[in-house]
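Have a look at the structure below, then the notes.
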Amino acid sequence: MSGSLDSYLVLSGLLFAIGTFGFLARRNAISMLMSIELMLNAVNLTVVAFGAFVPALKTHAAVIALLVIAVAAAEATVGLALVMAIYRNRKTPLVDEYDSMSE
Amino acid sequence: MNWSDIGTIAPVVASVLVAAAILIVDLALPNRRQAVIATALGGLGVVAAVILLQAGHAGSAFGGAYSLDNLTVFLDAIFVAIAVLTILFGVDYIEPRGLPIAEFAAILVFAVTGAMLIAGSTDLVLLFVALELMVLPGYVLAGFARRDPYSTEGAIKYFLLGSFSSAILLFGLAYVWGITGTTRVDGVAAALAKVAAGGSIQPGLAMGLAFMSAGVAFKMAAVPFHYWTPDAYQGSPTPITAYLSVGPKVGAFAIALRLFVGALGPLRADWLPVVIVLAAVTMTLGNLVAISQDNVKRMLAYSSIAHTGYILVGLAAYAGGQHSGLSAILFYGAAYTFMNMGAFAVVAALQRQPGVSSQIATFAGLGRRDPWLGALMAVFLLSLTGIPPLAGFWAKAYVILAAVQAGGWLTALAVLAMVNAAAAAFYYLRVVVYMYMREPAEELRPSSPGLLFRVGLGVTCVLTVVFGLFPAIATAATNAAGVFGG
Amino acid sequence: MPIGDSIPLIGIRWDDVLFVALAATLLVSALLVVTLRDIIRCGLALIASFASLAGIYVLLGNPLVAATQVLVYIGAISVLVLFAIMLTQTKNAPARLVFQTQTLAAAVAAVVIAVVITATVLATTWPSAGQRLWTSTTDVAHLLFHDYVLPFEVVSVLLTAAVIGGVYLARREISKDGENR
Amino acid sequence: MTYLIPLIPLLPLAGFVVTGLLGRQMGRESHQIAVWAVAASWAVAMVVAFAALAHGFGIGDGAGITLWNWIPALGFKAEMGFYVDALTGCLLIVVTTIGMLVHIYSIGYMAHDPGKWRFFAYLNLFMFSMLLLVLADNFLLVFAGWELVGLCSYLLIGFWYPRRSAAVAAKKAFLVNRIGDMGFALAIMAIWTQLGTLNMQAVFKLVEGGGLSSTWIAVVALLLFCGAVGKSAQFPLHVWLPDAMEGPTPVSALIHAATMVNAGVYLVARCNPIFGAAPGVMVVVAAIGIFTAVLAASIAFTQTDIKRVLAYSTISQLGYMFAALGVGAWTAAIFHLMSHGFFKGLLFLGSGSVIHAVGDEQDMRKMGGLARKIPITYVTMLIGSVAIAGVPPLAGFFSKDEILGGAFKSGFLWVWAIGFVVAGMTAFYMFRLMGMTFWGPSHVDPEVEQHIHESPTTMTRPLILLAIPAAALGLLIGFPPESGLLHQWLAPVFEATIAAGGRTEAAYSFFGIDGGLAIVTTGLVAIAIIAAWRLFGVDMPAIGLHAEPRPDQVREVSARRGLDFLYRGSAAKWWFDDLNNLLFVVWGGRLAGAVWWFDRVVIDGTVNGVGTVTTQAGLRLRRVQTGHVQNYALGIAIGLIAMALGYFLIAVR
């Protein structure tokens, strides 16, 4: 089981779907951010799994994973800063209350 | 890494240095905004010079991760022009609102650096990282007026959806990488050529394509991945909206060129139907919704969605076997950049005084209140409509002609594009009507923008007209840039 | 390995046990992240899922990524998230305040995506070696500073830009901004 | 001489730029530059036009000048160039002459309008666009001019924008025109994909050389005709022109009577090698043209707004021109275009003078008896009416006679028959207009009546100057019929097409078929004029017409007349009146009413309906944009799933 690429890819797919659900369902901006982190982790798991089973990709996977982690960190920085900024204006982190521009 | 590698990516290095220089000047000389602006504009001038020096040269650096070719030079030039124009338009707007120029300029230059990297990247990982470098500063810029609820609201929506789509794009990239076994564009293309020769594609690859297409479609604001556009555009400070409407969009099409044309070119028969549907839905929906907008910024946002659709027609024409579709995309990108930035700049000029809204009523009587501004807006809007002999006409003509040449379903797409172009006249000219055929509701002072702003407006207007009268000037470059990769 | 590859008597491989355990932890904690009503607990569950993922990376023979996962995700990002939670003073809330009105649709969409991915994965023949490969850290370093040096440099620029932008957005106001629409 | 050509459009363009940007500062003198620019352009155009006419250019050997190569890309050749031959020359004469006179007229007409500078700027821009359209040597440049005249028309119809109806009319004109423009654009695409060039003369050469299959020729011709239908307000795209009368009267005269609406006729005539090779399409052209002619004429019967009568008359006359094109009477069409340009321009400017005199009143029921009060306007308009009615020897007689004769002799008997009826109808409604406006008792508001005065000389002089060609043009260039000066000029342009059609024109026979037709037509016209005069021109106290003169309230009037039978003086008079009544008012009125209903409800309704549906769809779709970021995200997720399924479908294909 742990010896097949399929099981890891399915695992990462499930993680991605859980992240998607969180992103679509949660009202809190920070919860949505956490969901995005889950999705990015799913991507990383995919990458590392490919690296672990496909000889040509062996070392590359680690590098790509590292770069993705760094990008995720940058995204989190900007995202949390934006949450801070809008919290100061609106006094709520609930995203669906940010609808002053509907239609 | 060696010196020749650095030489190849010189424009990117230069623009990172410009961003650093802006911040250093701001630290060294606080409250000297002229120094900051001079540094930014001068630095970007140097970047432009470096790009021009590279024109005609070709090469690759970092083991094939980055390629210098005519496409890179052409796109780099557009991106630098976008940066310069954004700064020219931004100063007049940022200043009265007490926002810092240095941060604005530095973040903008970072974003443009990312865009320039996209233009030259021939490696999937570099492509993704460069994309993030382009969009992350974009989120910050969208929320740049951080005390303004609209600005931060637009920014957080842009950020959340943008990150969501980045994750989707990345997921797709991971699968394509896993199947082809390489991140280099030419390697991917070679692997996929084998796949394409073998007949049908594997489900895993199809899913990777789907996720990537969705991610890229989001970045270029194609329907149904466009939802972020109206809110982000309306909320952002207007000169930044001008930037967002062209910078990330041309950047997204640069990705499309490098990724779909360069790497996924062998599979173009597979993604052609998707692009056709996307193009058709995008331009139709963008136009339909634009018709019912009363806020000019929002109207221009929807119109920019429609323009995405027209540009996608060029991409579809390429996939349909018509190589001229690529130069058509590039011409469209250049023409769209100048006319759309110009249109947003006029909105920004009106909003120079804080508190002026971008509702269409603001434009009532502009033709008499401010004949120059009105005339410029009219030129930009007519060009966006596609009325000859302005740049927008040729832009549309080229993509549609390429589609017609490709034949088949693309002929139907071309006809649909023409129907859409005809319908679009309705809402663009509505603004013209307001400018020339309505009495202003309240008497607004004529806005007298600063010198820099006027220079920017002049440049966009002249280019819009010149590209219309002498499209040959641009087509020489687009034709050269349209033959890249394979 | 001194204790052998598989559990004595039952014959299940240790690896498989570990994998199942870690995968279960990962999925359960991830589900908790998206379903718990108290956002602080969500944050803690997030840390748990990051940790179990690090374990899976080790299992996949990639200790370097595992270490980075612990350092960056648990050490930095989680802390940032927890800080943000504190700063926005979000409290425990009833479900209707936590979830969107479209939760059901979201669940359906997520399930469809999960099914699509799973089906695709199972329907595809992967160019797999059939066994796990171990990644040497030296090779990674070599590759990072050779093939991937440009993306690496770009990431450093990206982090710089993110920090500048983040600081600008999050720092307290000094001057008053104008308004616009 | 060729180097003079670019000056013709560039002078008005310069005038537009200067007036547009500096006009407001020039105040009362803001018209100067615009008027002088057009006058200079007229002078140059006259030189060029007469040089071209005297030279006798044929297809492809006209005087051309290429300014620069417009687009070299895409294996595509289109030059920024101009081309002048005899056909261009004819159009130049009409456009620049009427354009100049309208400019002069507008000095007086718009004297008190605060937006005068804007008006003159637009007029100049229009002149530039129209001249560009006429002079262009390739289809793309024609298209550019085509779009620009549409834009100017839009700006000028809506000039008095505070009137809501004006803004609506402007929008409608633009949208309806866009439908036609799309046909034109598709035609350009088709030509380019099939022939690889857009230079008109090159295209014609290729078509004549058999470079295009007959199917494609028919497709291209039909698409081009679509464009012409929109611009020249032919059925079913005619709905915009009557509404366009909301614009200032000089605009109606210049754009909606004398120049822009002729663009469609010009385009078809210019593309005669293409149309000549598509006989099926020619029948369509003739049918649409003659149907429009009779439709519009019947509507003109019952209109009470003086400008609307003229608008429907214009549509009707344009229909005549298309009928002429359709039957292959090319020269006759251009002849009618020229003579119509002059007399309809005259009539519109005259109506403007009338409206000016009676205090901006356009309802003819509130006019009457103006002949003595504004004599110059009256006399010039009378000349125009006689000319359009087709009374010999004025311009309209010759051009109309040639069209009818052409239709008859080419075997299009049905076209001739309908055209013959329309000739009578034209005379009738024009003299109804004259009667209601100038003759009989006055129904002008007494308060306004005191202020009725003749217009200033800047307005009357253009009327007099236009009356001269309206009266004399026919004799000057159209006599002797079918071999006059105009025929000699235009022969090289059309002879190849006519020859290719295999139709040999019989010589004009004064004492044969042609003379007979002319006499019959003239007879009908005379009857119609007399009928209209009796009906609308004479004061009839016996039946109380002066007390309640509402000729449009047809049934009411006729019912009264039935009761008043005994009061009648003579049986002959009764018979005459009643026949007229029956023929032209009761039946005609009912028919016209039905046509009017059809036009307003069905055709107009369709046009408006398309707009409403589009807007509604936009509003519905707009609701998707809820402002909630998760709704957007869900949309993206659904799009992602759809895209994945799409790719799977492609993959298993």
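By written order: A, B, C and D. Residues from 1 in each chain.
Simple rule for what comes next: a contact is a pair of C-beta atoms (placed from the backbone, for glycine too) under 8 Å apart; a residue touches a chain by one contact, two chains touch by 3 or more.
Being a predicted model, the structure only gives us computed values, none of them experimental.
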Enumerate, in label order, the chains that touch chain C and chain D alike. A, B
Suppose each chain is reduced to the average of its Cα coordinates; what separation in Å results between chain A and chain B? 26
Measuring centre to centre with CA averages, how many angstrom lie between chain B and chain C? 32
Rounded to the nearest Å, the gap separating the Cα centres of chain A and chain D is 65
Per the centroid of Cα atoms for each chain, what is the distance between chain A and chain C, given in Å? 6
What are the residues of chain C that contact at least two other chains? 100, 102, 105-106, 109-110, 113, 116-117, 121, 126-127, 147-148, 151, 155, 158, 161-162, 165-166, 168-169
Chain D, residues touching no fewer than two other chains: 622, 625, 627-631, 633-634, 637-638, 640, 644
For chain B, give me the residues that contact two or more of the other chains. 125, 129, 132, 136, 139-140, 143, 146-148, 150, 156-157, 160, 164, 168, 178, 181, 202-203, 205-207, 230-231, 234-235
Work through the pairs of chains, note which ones touch, and then classify the graph as line, ring, star, complete or other. complete
Residue set of chain B touching chain D in the complex reads 156-157, 160-161, 164-165, 168, 200-203, 205-207, 209-211, 213-214, 217-218, 224-225, 227-228, 230-231, 270, 273-274, 277, 285, 288-293, 324, 327, 367-368, 371-372, 375, 382, 387-389, 393-394, 398, 400-402, 404-405, 414-415, 418-419, 422-423, 425-426, 429, 432-433, 436-439, 469-472, 475, 478-479
Contacting residues of chain A [partner chain D, same complex]: 20, 23-25, 27, 95-96, 98-103
Which of the residues in chain A come into contact with chain B in the complex? 16, 19, 23, 29, 32-33, 36, 39-40, 42-43, 46-47, 50, 54, 56-57, 60, 63-64, 67-68, 71, 74-75, 78-79, 81-83, 85-86, 88-90, 95, 98, 100-101
Where on chain D is chain A touching in the complex? 622-623, 625-630, 633-634, 637
For the chain B and chain A complex, residues of the former touching the latter: 125, 128-129, 132, 136, 139-140, 143, 146-150, 152-157, 159-160, 163-164, 166-168, 170-171, 174-175, 177-178, 181-183, 230-231, 234-235, 298
